[in-house]
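Each of the next two complexes has chain A plus one other chain: chain B in the first, chain C in the second.
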Partner chain A sequence: MSQKIMMETKKLNKSFHFPVIKDLDFTVQRGDLILIQGANGCGKSTLLKIISGIMKPDQGEVVFYEPYKIGALIENPNFIENETALYNMKFLIELTTTFDIGSVQKYFEMFNLNIRDKTRVKKYSVGMRQKLGIIQAVMEDQNFILFDEPTRGLDRASVAVFENLIHTLNKIEGKTCIICAHDGVQGIKFNRILEMDDGKLIEESYL
Partner chain B sequence: MENSLKNHIYKYRFLLLAVLIKIIGAVTFSGFSYYKIIFSMPARLIEQVYALTICISESYFLIDVLLDYFQMENEIKVRINKNRLYRIYFKKTCLAFGTIVLIQLFLGYFQPLTSQTVFFIFLYYLLTVFAFWKLTTFFGRKQETILLFSHVACEAVIRVCFAAIM
Partner chain C sequence: MLRYYFKTFKSFWFLLYMAMIISTFIKYEWSSVNISVPIDDWLITNHMITMFTNNAFLIYSFVRTAALERVIDQVIVRIKEERAIAEMIKISCLDILLYISLTYLILLAINSSSIMSLGVVIIFLAMNICLFAIYEILFILTILHRIPLSFALIPFILNILFHYTVIPMIFY
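Right after this comes the complex of A and B.
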């Protein structure tokens, strides 16, 4: 796999009532599978939000050097509560392209969900919502995928499915993935593990 | 009832409510009961409450049209840029306004009102909608419907009471 810099953050700074991210420089190479760890409130989610464009940094910038399509599951996934899962997925896909049920169905089957289910999303359990959150982050062939605590609320079987999915996306399809997690991702072989501390990222291991 | 039909009714519940109130208004304001009611209350109060209720239900229709986009803001922002999102907001708002204006053509309700009354209604309506909006952030979407319907029910009770007194 060729190692080209895909994304870079330059001197990122973000404060709320206190500084969360301080002069953060961070590069991601194409095909990286990165785990970011850190204590609660250390700024992992904030970093992902800034990278995905949901939040603006106070200072600094995020630069992409290659064509990219971001898929993200950050914090709790939001849905149109009074509609079905299929309606929600269709709604999101149609923002950018035309909807093809086949591309979504395989992910629903993978996570043991019924795409034709008429149940409204508000009736879904935490785990089912999380599965939908994962699906929406990968269903449009995104090549830069960000997950924040992706295994929250998932049972063991679903965690295994998620790990297989990441393996397929990264090792086989060559997509770049960044995952922030405390646990539940032991089955994934990351090529970089980073620790977020005091608003900065410290490289713990690089394979 | 078929699920999709139920969903559609749910989606357009505020618009349906506005139409229903207009039909009720069209009947009562032209009948003898209207004269009975109007003499029992301060001038134009009935029209004000009536128009206000319609305004609230219509504004909730507008809020509802955009609510899905507000709820999924993070997921949308990841996919499209901010300008495109604003264009969607604008388009949706225009379509919703268009729908409301179309209904006005069939069932006008500002007819018995002076421009001064319209101004005060608008002011009162803005405050009420703001209060409703704030309340719904605490109570959620289902309670929002209950709040509005209870508002309408209160108005109906006031009308009936005054008509009965007279």
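Right after this comes the complex of A and C.
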């Protein structure tokens, strides 16, 4: 797999009541599979929100060097509660393209969810919502995927499915993935592991 | 987002709003059977639109706002914030057009012969458009997480204040 810089953050700064991200320079190469670890509140979610465009940095910028389509599951997956899972997926896909049920169905089957289920999302369990959150982050052939605590609320079988999915997306399809997690991702072979501390990222291992 | 907006026309709260509009039509026609009541006077002094029709419409808008507020992050990831704001402005404009047309314009058009002063009607409609534009701005700010969702309840208070303080000061 050719290694080429896909994204770079330049001198990112973000403060709430105190600085969370400080002059953060961080590069991601195409095909990277990155684990970001760190204590609660150290700024991992904030970093993913800034990269995905949900949040604006106080200073600095995020630069992409090649075409990208971001998929993201950051914090709790939220949906239109009074609609079905299928409607929610359709709503998100139709923001950018036409809806094709086939592209979504395989992910529903993978996570043992019924795509024709008429149950409204508000009746879904935490684990089912998490599965939907994972599905929406990958269903549109996104090539730059961000996950924040993706295995939260998932049972062991679903964690294994998630690990296989990451393997397929990264090792077979060559997609770039960044995962922030404390646990539940031991089965994933990351090529980079970083520790977030004091608003900066420290490279712990690089394979 | 526009598709979701159109889908909400089938929601309970929108249907309730439609039922309130029909009730308003019936009430006006009923009250003007024996005595000719000028439609502009009736619209300004009648409490039914303020208390029932407007509140039904505001509940419908609030429920839709709360739904979009939940998914806005996923929307921004896909279409970026600038386009998301543009989509919401489109929805807001349609919302104001829909409200003014369904609540007032149809009734005024049907009963155009009983309009006493066209100037009063224009001022009244312009004030309503301004007021609903304020509501829509609050809804957009709520969806973008710039203000808490509870702020989207302010229109319910403004609706009452407008009808019982501003309208009498200007028109009575």
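Annotations for the structure displayed:
Keep this in mind: the second predicted complex is superposed on the first by the 207 of 207 C-alpha atoms of A that agree within 3 Å, B and C clash if a C-alpha of one lies under 4 Å from a C-alpha of the other, contacts with A are read in each partner's own complex, and residues count from 1 in each chain.
Assume contacts are C-beta pairs under 8 Å (C-beta built on N, C-alpha and C of every residue); 3 or more make two chains touch, one makes a residue touch a chain.
Bear in mind that the values here come from a model prediction, so they are computed numbers and not experimental data.
Once the complexes are laid over each other on chain A, chain B and chain C cannot both fit and instead clash.
In the superposed model, A:199 lies in contact with neither chain B nor chain C. In the superposed model, A:94 lies in contact with chain C only, and not with chain B.
Legend: residue contacts after superposition of the two complexes on their common chain; A:38 is shown touching neither chain B nor chain C. Looking at the shared chain after the overlay, A:118 reaches chain B, while chain C stays out of its contact range. In the superposed pair of complexes, A:57 makes contact with neither chain B nor chain C. In the superposed model, A:150 makes contact with neither chain B nor chain C.
Of 111-119, 129-137 or 147-155, the chain C stretch that intrudes into chain B once chain A is superposed is 147-155 (criterion: clashing C-alpha atoms).
Touched by chain B in one complex and by chain C in the other are residues 49, 52-54, 70-72, 74, 78-82, 91-92, 95-96, 136, 140 of chain A.
Contacts from chain C toward chain A in the complex involve residues 1, 3-4, 67-68, 70-71, 73-81.
By the touch rule above, chain A contacts chain C in their complex via residues 49, 52-54, 70-72, 74, 78-82, 88, 91-92, 94-96, 136, 140. Contacts from chain A toward chain B in the complex involve residues 49, 52-54, 70-72, 74, 77-83, 91-92, 95-96, 118, 136, 140. Within the complex formed with chain A, the chain B residues making contact are 3, 7, 10-11, 68, 71-80, 141.
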